[in-house]
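One chain, subunit A, links the two complexes that follow: it is found with subunit B in the first and with subunit C in the second.
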Partner chain A sequence: MSMEKEPVSGRTIHPVKYYRDFLAQNVRPDGRSLQTFRPVSINVGSIKTAEGSAIVKIGNTTVVCGIKAELAKPKAEEPNFGYLVPNVELPPLCSPKFRPGPPSDQAQVSSNFIAETLTNSRCIDLRDLCIVSEHLAWVLHCDLICLDHDGSLLDACVIALVAALRTVELPHVLYDAEAEKTVVSAEKRSKLKVHSEPVATTYTIFDDEILLTDPTNEEESLSSGIMTVVVQGDKLCSVHKPGGSPLTDAQLQECINGAMKRAEHINKLINTALKSHET
Partner chain B sequence: FIAGDTAVVTAVFGPVEVKPQRILIDKACVEALYRPKSGLPCVHDRMHESLLRNTCETSLLATLHPRTSISIIIQEMQDSGGLLACAVNSACLALMSSGIAMKFLVAAVSCMISQEDKLLIDPTNKQLKDSKASLTFVFDSVKKNTVASHTTGSFTQIQYQESLMKCRNASDNIFSLYRDMVKKYASRI
Partner chain C sequence: MPTDSRRLQGPENTTAYTLYLPNSKSYNDLVGEIITSDEKRKDGRKLYEQRRIFVKTGVISQAKGSAYLEQNNTKVVCSVFDPREIPRKSDYSVNGELYCEFKFAPFSCIKWRSHQPDTQEKECSLILRRALEPAVCRHEFPNFQVDVYALVLENDGSALAASITCAGLALADASVPMYDLVVAATLGIHGDKKFMDPSVEEEFLCNIPPPDGKSCNHGIITAAFSPAHQQLSEFTQSGAMDIDCVTSSIQLLREACETIYPLSQHCILKSVTKMLKKKQTETKLDLNSDRIAC
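Then we have the complex of A and B:
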């Protein structure tokens, strides 16, 4: 059996020109217009051994989030607070850009971004994670693993994390302070309280002028700048634009408006996924 | 570069020879290294590095120096609020004094929104403790558009727009500071 070779096309030789030709017609090579988002699919509660889990697909980008709970002693300077530890992994499986070894710079920046988003949006109150002040608290390890990187990674990670957090069910713990014994009841009961649902939307700037929403991997690598807006309810949680071509105020406003609209749509989707999981 | 009590030292090396794995055939490879005052660089510093790297990459004419690398090394000396803005400004000054061709200059301004919804520009660490949100914007010198933006905490759209406008006005001060510095520097030659 022989593998069919793709004919050498303009796409591989001169990708920038290939894209410019399409954008001149106000359309992108995958058929979307410049402002259309890719379809999102969410599946919750797929990992049975984890306390909470979710799988999110935005177009081809796939991110799996698993949340495991562990017991630990709270920090001395914050005795009422539990821990929430997000970790983004970009294995070599998801894209040819990543090699095996210690976490790449991009993975570290993404983990940092997710951690900051969680604190900024106050999505989980760390006090809810405390069982007995100064002695026992929950540590939630949130592992986000990207299985396929096709752009908009941060969007998928945030959606997966929020969906997984809403399915987390923590078991009840009885702590005997004198004997220092902990008894964990095997029957999982209380749900974790999620106070807000942040939603991230990514845009890229192509050729310093054209704004593309929800870019694919190819578009991201050809772009001259990238920007992520995190929206929570009707408040802005974060506007993350790490350098890249300068944007005018009007363009910024456009991005924020688009992000707000998308947040509503995504939240409805998460709610539907959660309802079907419960039934 | 010293802003109030926050001090940052920046060194720029380049264009110099680049390692074969990082070689880019059409432009220079811009690297940023950020070292905190104490301890090893942590994950948080990586984010600063990536912001600095991208900002400097857009402002430099990297295509003039293909197959080379330009390294920007930043050492934090003292942190008393507005560290990221300080770092960006000092990187811009270092690039200016190194003589590498730039498309535009950049100026960074930090501001915060206090618990009573008041807007404060260039806050100190003490003021930051009582804040709802802190925002850092980087503007370019030609069209005053936003090159980079980094925010912590949550805020409304209107607050964002307001702080953007106020910081843009404040950036004029920084650009005139650059001009004064260059005048002093150039007159010595």
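Then we have the complex of A and C:
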């Protein structure tokens, strides 16, 4: 069986020019306009071994979030705080760009971004995770695995994480400090309190001037700059712009407004997914 | 566990909360839960009945070939990439290589697993490679390696066999030249009972020898099969059992694989028909419209 030969086209020889021709007509090769977002689909609670789980698809980009709860002693310097440990994994499974071995730079940057988003948005109060001060606290391992990397990775990660956190149900724990005995009752469970719902939106800058919303992998690799805006409710949470082409004030404001509108839509989607999971 | 400086670390000593659940079951309770008196298992299956399988190919857009398999609650996704250069290799080899990686997602098992592959996962990667190598035409891509990555999203027993079947499908979906599709099945043995396609609780039971001493047979056997050539490509056994037990198990596993094989074939047939239909519509459109000039 011979490998099929791809017809030689502009897309492979000169991708930037191929894109420029489309953008001159205010449209992208996949048919979207410059401001259209890809369809998002969310599914929660499908992984029974995890305390909370969510699978999010933005176009082709797929991210799975699984949350496992364990018990540990709180840190000496923060005796009534639990632990929340997020980690983004970009396995070689998801794209030919990644090779097996230790986490790539992109994975480390994404993990840090998620950790900062959780702290900045005050999504989870770590004091809620403490069971008995100085003795016992919950550790929530939030593992985000990318199954398919087609751009807008951070958007999908944040949505998956928030959706999964909202499904987490922690069992009741009784701790006897004198006897140092712990008893867990798996039947009585209480939902984790999620105080805010951050939503991230990614934009790329093409040719130093054109703003593209929700880029695919191809668009991200051809762009001259990338930016992610995190919004919660009607407040701006953070803007992550690692280098790249400069933006004007007006463009930045446009991005923030677009992110706010999208956040409403995404939150409605998450609520629908959660409701159908409960029934 | 060496600290991984590239990942965000939780506290060093964590314990799973399942250790502190109040009721610890006795052996008889455990057996009673798993199999009722009239030889029916917890989920209603008979002893030699397999769970229903759902397979789909072409699930990962960035990979050359991919497949997703669900066997009740066990969920496995596998992706295969085009032949690439073998890293760290200077001399020429007449046969291509197959690089396989098997991984449990951290949230896939009852206990949280770390991100770094442990010895069990490394052993399973080796088993995966041994199962798939005989079926791949390695002389077709000399000096290159084909990467196969399998990720278990949820483990409800028989994860390794499910990964082998899934990887076989993903390789076929990636148009890697093969002699045959590979399918695999698992058998759990405990005393005189044999469980086909065990769930996680049944696997746990099969790893402990029966205490009454009548027969010490216990263990789990995973076997991979190429039905078209009637060849066993991989056979892994854990635990301890008589030789008669092993020989009768091979027969059972062979029959199980023969039942799964038509499912794999049907799945590949569907994806090939879909691709041909898509090519047909694309050529029709090309004849009518102008191509964008480069």
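Just so it is clear, the second predicted complex is superposed on the first by the 274 of 279 C-alpha atoms of A that agree within 3 Å, B and C clash if a C-alpha of one lies under 4 Å from a C-alpha of the other, contacts with A are read in each partner's own complex, and residues count from 1 in each chain.
The rule we apply is simple: a contact is a pair of C-beta atoms (placed from the backbone, for glycine too) under 8 Å apart; a residue touches a chain by one contact, two chains touch by 3 or more.
Small disclaimer: the values here were computed from a predicted structure and weren't measured.
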Exercise. Where does A:244 make contact in the superposed view: on subunit B (first), on subunit C (second), on both, or on neither?
Worked result: first
For this session: Could you say whether A:21 touches subunit B, subunit C, both of them, or neither, answering first, second, both or neither?
Result: second
Exercise. Does subunit B (first) or subunit C (second) touch A:108, or do both, or does neither?
Worked result: both
For this session: May I ask you to name which of subunit B and subunit C touches more residues of subunit A?
Result: C
Exercise. Can A:147 be said to touch subunit B (first), subunit C (second), both, or neither?
Worked result: second
For this session: Determine, under the contact definition given at the top, whether A:116 touches first (subunit B), second (subunit C), both, or neither.
Result: first
For this session: Would you check which partner chain A:43 touches, where first means subunit B only, second means subunit C only, and both and neither mean what they say?
Result: neither
For this session: Check the residue A:236 against both partner chains and state whether it touches subunit B (first), subunit C (second), both, or neither.
Result: first
Exercise. Between subunit B (first) and subunit C (second), which, if any, makes contact with A:95: first, second, both or neither?
Worked result: second
Seminar exercise, completed: subunit A residues where the subunit B and subunit C footprints coincide 108, 111-112
For this session: Name, in rising order, each residue of subunit C that touches subunit A in their complex.
Result: 4, 6-11, 13-18, 20-22, 59-63, 73, 75, 77-79, 81-82, 84, 87, 101, 103, 105-110, 112, 115, 147, 149, 151, 153-156, 175, 177, 291-294
Problem set entry | Touching residues on subunit A, where the partner in the complex is subunit B | 105, 108-109, 111-113, 116, 119-122, 224-225, 227, 232, 234-249, 252-253, 256
Seminar exercise, completed: In their shared complex, subunit A is touched by residues of subunit B numbered 43-44, 46-47, 49-58, 133, 135, 138-140, 143, 145-157, 160-161, 164
Seminar exercise, completed: subunit A residues touching subunit C in their complex are 1, 3-4, 9-10, 13-14, 17-18, 21, 46-50, 53, 60, 62, 64, 66-73, 75, 83, 85-87, 89, 91-96, 99-100, 102-103, 107-108, 111-112, 115, 139, 141, 143, 145, 147-150, 171, 173, 182-186, 217
